[in-house]
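The first chain written gets the first letter, and so on, giving A, B, C and D; residue counts start at 1 in each chain.
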Amino acid sequence: MNPVNYLYLAGLLFTIGATGVLIRRNAIVVFMCVELMLNACNLAFVTFSRLHGNLDGQVFAFFTMVVAAAEVVVGLAIIVSLFRTRHSASVDDASLMKL
Amino acid sequence: MSFPLLTATAALPAVGAVATAAVPAARRTAAKWLALLVSLGTLALAITVLVRFDPGGARYQLTESHSWISDFGVRYELGVDGIGVALIALTAVLIPFIVLAGWHDADPLETGSRRWRPTQGFFALILAVEAMVLISFEATDVFLFYIFFEAMLIPMYFLIGGFGDRAHAQGEQAASTQRSYAAVKFLLYNLVGGLIMLAAVIGLYVVAGNFSLQQIAEARANGSLHMATSTERWLFLGFFFAFAVKAPLWPLHTWLPNAMQESTAPVAVLITAVVDKVGTFAMLRFCLGLFPGASRWATPVILVLALISIVYGALLAVGQRDIKRLVAYASISHFGFIIMGIFAMTSQGQSGATLYMVNHGISTAALMLVAGFLISRRGSRLIADYGGVQKVAPVLAGTFLIGGLATLSLPGLAPFVSEFLVLVGTFTRYPVIGIIATFGIVLAALYTLVLYQRTMTGPVKPEVSAMPDLKVRELLVVGPLIVLLIFLGVYPKPVTNIVNPAVRHTMSDVQKKDPKPEVEAAK
Amino acid sequence: MSAQLAAYTTSTGEAFQFWVLGTVAVLGALCTVFMKKAVHSALSLAGTMIVLAVFYLANGAYFLGIVQIVVYTGAIMMLFLFVVMLVGVTAADSLKETIKGQRWLALLCGVGFGVLLLAGIANASLKDFAGTGQANANGNVEGLAALIFTKYVFAFEITGALLITAAVGAMVLTHRERTERAKTQRELSEQRVREGKYVPPLPAPGVYARHNAVDIAGLLPDGTPSELTVSKTLRERGQIRDVSTDAINDLRALEQRSEERLERTPIEPETFKRPEEASK
Amino acid sequence: MEKLIALLIAAPLLGAAVLLVGGRRLDRVGHWIGTLLSTASFVFGLLLFADLLGRNAEHRTLTQHLWSWIPVEGFQADVTLRLDQLSMTFVLLITGVGSLIHLYSVGYMEHDERRRRFFGYLNLFLAAMLLLVLADNYLLLYVGWEGVGLASYLLIGFWQHKPSAATAAKKAFLVNRVGDMGLSIAIMLMFTTFGSFAFGPVFGHVGDASQGKLTAIGLMLLLAACGKSAQVPLQSWLGDAMEGPTPVSALIHAATMVTAGVYLIVRSAAVFNAAPDAQLAVTVVGAVTLLFGAIVGCAKDDIKKALAGSTMSQIGYMVLAAGLGPIGYVFAIMHLVTHGFFKAGLFLGAGSVMHGMNDEVDMRKYGGLRKYMPVTFVTFGLGYLAIIGFPGLSGFFSKDKIIEAAFAKGGTEGWILGGAALLGAAITAFYMTRVMLMTFFGEERWKNRPTRSPGAPSAEPAAEHRGEHAEPHPHESPKVMTIPMIVLAVGSVLGGGFFSIGDRFLHWLEPVTGHSEGHSPVSAGEVTAATMVCLVIGVAIAWAQYGRKPVPAVAPRGSLLTRAARRDLLQDDFNHVVLVRGGEHLTRSLVYLDHSLVDGVVNGTAAGFGGLSGRLRRFQNGFARSYAVSMFGGAALLVAATLLMRAV
């Protein structure tokens, strides 16, 4: 088997995650999908580091994780406060971008 | 490194603008006096420029040059030739009168109207406009010029949109909507022009590699910079379009009547007597200076357009019911004369055009400001609302008449000299156009006298029966202007002496010689 | 083991592992997207992540594999579950689409993107894998550390700052400042009287001895449950258990048995139906 | 001595400035300042005249260079004054008659509260007129030319509260502007032809110029002359100009300004001599106008309008003479001067009559006034005799010479022109006699009835002071008014004789205009005889019509010609229909076009953009997810793009 399959898998997961982001209305689930996309990227990074034979890819994946962690923390905090104010975790309820 | 006189001349009003705006709201009068002082100071500086300028000397004098944006070869280059000096003087002379005439235009409205009128803002904006106009008369770097040519629009926009006549026929609401319409129209027209010019400016940089007017002109002269004919023409059109909008030339003129109609008289004067001059001035300096070939190529079309402006503007002026609109269309007709003089490519034409810019500034100021005083008294711009004013306010009527006579370029008043020069200059090369343009003087007489007859003569309308005559402040505004008109009409030599050498340079730019008179040609 | 990993193609063992776990990962991802309940999504996502952790390990990223399990599945997913709990474990959001054409557009874009991406990877012609053999020669963690603390030290520091900021931010966002003094009981009662809605204190839940859980609505005299008796949070999550019917049915069963013992003519054994159900 | 020339102009100019700027505090003395300064100018004129007489004919041209006016590359306009016999003549006429009329106005405008301004305008006029005749180049002449136009505008519209006056003033200025257009084009032509427009160079190089150019210049100058001198086709303004105060009519619209056209033609003699076609045009215009004016004069009942018609026709004579070339120039000027005397006198007389008759202008409401205002009667009568060319009086000499010259032109032209001139003489005799009879003879039609008929436009507002609708009490005017009339009457009696005995005037002007005796097909005696016959006929008809039978107080319907003549031979109606109406329609449609078309395009574009953006707004539904879709789609596109780049 050629390790490039890992990349195909990563692409597949990323696409699924992205579609999920677009389809789901529940903010939490949307977030999970984002996490999924990030993980897909990480997988790709790791695979690349194997491809190039150096660890930079893994370092990047590491950073991605850190950033993802931070993002999740803030994101969830936002969700919680949103839920408090409007008793709902649906992204469409926050359709305030309309003029 | 001598004292940067030109920079100072433009910087003083800029600083003054900031200072005026900073005056606390309560100290309204202080702001007015400050603005007046600043404008007078600028006048003093301008006069110094006038004195320091040596007509016999180099083409561009009092030059300053500093690197500004070195990556794009943009330099802060100032310098004045005779034409620039004349127009700087005009601007510096007019602004104090404008300030003085607008003394009460920005006072807070009487009770009942909620609109707060920021007096400080009004005068600050006027000074800002002056600063920008002065810079654009001084700039010899195309980019520098462009920036201020465009930046001018911002204060003008607020002046037009923010301050209208005190009283209005259809009430405050309608007034403000019409004002904003006029302001937006003004802005859009000039922005479009400016954008096209920007493209041309960039194109010029691509072709020439720098923005310096002198360097490019020299390079073109000694052939080291070659432009493809088509390129030159496109660039020329880009520049000319912007200037034609500003000037304004038919059919790009429709913003002017709205703008002048809706803004207060001093602002209207600021538009047509000062700001629009930048357009015609730029035609002389940039269109002819940078693209002589293309200018020669475009001359016939432009002359025809100018001719149309002359006749068309005059005819529409005859048809107007609104005093300010009438003056606006008259100005369009006059700008037609100026542009015609510039592109006739004869010494008389171009000297005449330059002289025309100065004289038209003064005469329109006189007429428009008096009209403003009249309107502020009756609270209406409609000609039909007046009648017999001459009986109750003879001085006002008299000054109004003199302004009108200047507008119809009566011999002995300044505009005659320039108008005749333009006509002669055109006639020597394009007789037919010259003759048709001469009809303009009849039409001018028509609209001026009709205006005077309908407003000033006839039985006294009851509404105007209690109209007070000119106050001292207003006399201080009009008197000097009229004196200036008469003086320049009888003895224009001071101006022509400054202008002639510059015109000689321009003529050599476009490689044109005056046609010889038949008699000498025969010999 | 790193020797085999360095090889150009992978061992059959890894291939087997990939195909099996890969399928699991994709299924997990799909479940994450399509599960009605957030909890289920979270759990399936956790599964996918664990699979990914295994893949990291297989790819020679031992440190990351562990971190993946510890940080992601351990911390982040737990955080998710906490939030889900706050918002309501069983709160199911319908998958019915509200924006016109959104779903189809989304699928179209998704498929298109995926196809393009895979195609891109396909024609990137990645053949020769260097493998992480000598990169991991003296330990994967040491290698990473060497990179992080030399080459990427600034990025590392900045991530630190980022984390701090995120933590503080989360606190600021979620922390509720009480602006005005809490209302006393007296004021509350006065307010209730003023507004004239439900003056007496709220009834207690679970009125039967055998059912006194907070999530059971007390019954009104006619045997219908009253929402008022259950706490607001539970109500919002829609987590009220309704026992009114079976309680009454039990009672009836009891009566029946006693009648049988007393040899009475049996009443027809029909179970009690809630009035509204009867009306259905 | 040259220094004095500038003073000629400076004096009245100063007067104008002082009076107009001075303000109310000068109201008491203003009129005297004006009169004084114009008289001063007259005195300077006399001094210069004496000086000129002292020199011999060749050296009688003085020039005074004041300053260089418009110095531009290849274009030199200087303020230079030139005094030669021709301008000297005019200077004396202008300042002399002008001063007299100033004096007259002191009395005439006595009750007008704006008298100071009136004198200011009068002085302004004098200055401009003097500049006109003293200028050394055409551009400077143009300044004077328009200056007198302005003065006449101000003075015609002096009673601005009367709409009729304001309109008349405007009309006068506009019609004149058309003429001025001709002048300016002529100047441009000169500039392109000779490279200058100063008299010296232009006349010097006439020989080198092409025929076509010269003809064009000539015609343009003629156009200018028509405008200023109220010649057909630009004559329509003169009649309305009578709205002005009578002294104005006397000075500007009879004696001086309207003769500027003649001056222009005679001054440009050199050009015209070289352009026969232009000359022919001049003569034709002159002939047509002299008949036109005469006919109009016959029909008018308004005394001033009748006199205006006569002015028109008299100037027609001058133009005709000027068109005849060297044989006519001198006589044109001579008739101009004598006409200046008697026509001014007649107007002043008319003014005095109106002054006595509550400003009544309708001659049908006069009659038998000779008993009440003897001085006016005598002076007016002398003027009358002079204008109809009664033997021995000035009109006789000058007009007779012109008629001779017309015949002397020779050929059919000569016969036609001469015939026209004779006919004109006859008609002149008729309408002047008519005026005379209707005014001073016959029964007193003003008795027992308020004068002002509702229709007739009221004249001077000063009338209020003199009892509006009461029955008029005809009375002689005060001394200050009669003295000028007497002086002018003397002038109109003796002037002609003084000039022509020994051809004084001829020799005086010859150096400037040149002179040549035409070979006339008819002898001078025959011409004189013919003139006399015409005169008698004219007078006889007039007597038969107005002397014997009483004059109806309301005008009879009259023949078609009469009715046409009352309306200036329908020329005004033509103007109104063609120019005014047409112009109104043109402007109105243009205004509409400007708003709908030129502006519409722009606004349309704006509206289009507005609509477009309104459509685009729909896509911004505010749902984060749909934005996300577009982002994702964009990302997909980017990937596709990169792949394509790879592939290519």
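One rule holds in what follows: contacts are C-beta pairs under 8 Å (C-beta built on N, C-alpha and C of every residue); 3 or more make two chains touch, one makes a residue touch a chain.
According to UniProt, the chain labels map to these proteins: A = NADH-quinone oxidoreductase subunit K; B = NADH-quinone oxidoreductase subunit M; C = NADH-quinone oxidoreductase subunit J; D = NADH-quinone oxidoreductase subunit L.
All values reported here derive from a predicted model rather than from experimental measurement.
Within the contact network of the assembly, the step distance from chain A to chain B comes to 2.
Separating the centre of chain B from that of chain D, both taken as means of CA atoms, is a distance of 37 Å. Chain C has its Cα centroid 16 Å from the Cα centroid of chain A. Mean C-alpha position of chain A lies 96 Å from that of chain D.
We define each chain's centre as the mean of its Cα atoms; on that basis chain C and chain D are separated by 105 Å. Each of residues 621, 623, 625, 629, 632 in chain D touches at least two other chains. Annotation for chain A: residues 18, 22, 25, 92 touch two or more other chains. Within chain C, the positions touching two or more other chains are listed as 99, 102, 105-106, 109-110, 113, 117. Which chains touch which is summed up as A-C, A-D, B-D, C-D.
Interface residues of chain D facing chain B in the complex, by the touch rule stated above, are 20, 67-75, 79, 139, 142-143, 145-147, 150, 153, 157, 160-163, 165-167, 169-170, 173-174, 177-178, 180-181, 184-185, 187-189, 191-196, 205, 208-210, 213, 583, 586-588, 590-591, 594, 598-599, 602, 606.
Within the complex formed with chain A, the residues of chain C that make contact are 5, 9-10, 12, 14-15, 18, 22, 25-26, 29-30, 32-33, 35, 38, 41-42, 45, 48-49, 52, 55-56, 59-61, 63-64, 67-68, 71-72, 75-76, 79-80, 83-84, 86-87, 93, 95, 97-99, 102-103, 105-107, 109-111, 113-114, 117-118, 121, 126-127, 129-136, 140, 143-144, 147-148, 151-152, 155-156, 159, 162-163, 165-167, 169-171, 173-174, 176, 236. Only residues 18, 21-22, 25, 91-92, 94-99 of chain A touch chain D when the two sit together in their complex. Within the complex, the chain D residues that touch chain A are 617, 620-625, 627-629, 632. The touching residues of chain A, counted against chain C in their complex, run 1-9, 11-20, 22-26, 28-29, 31-33, 35-36, 39, 42-43, 46-47, 49-56, 58-59, 61-63, 65-74, 76-81, 83-84, 87, 89-90, 92.
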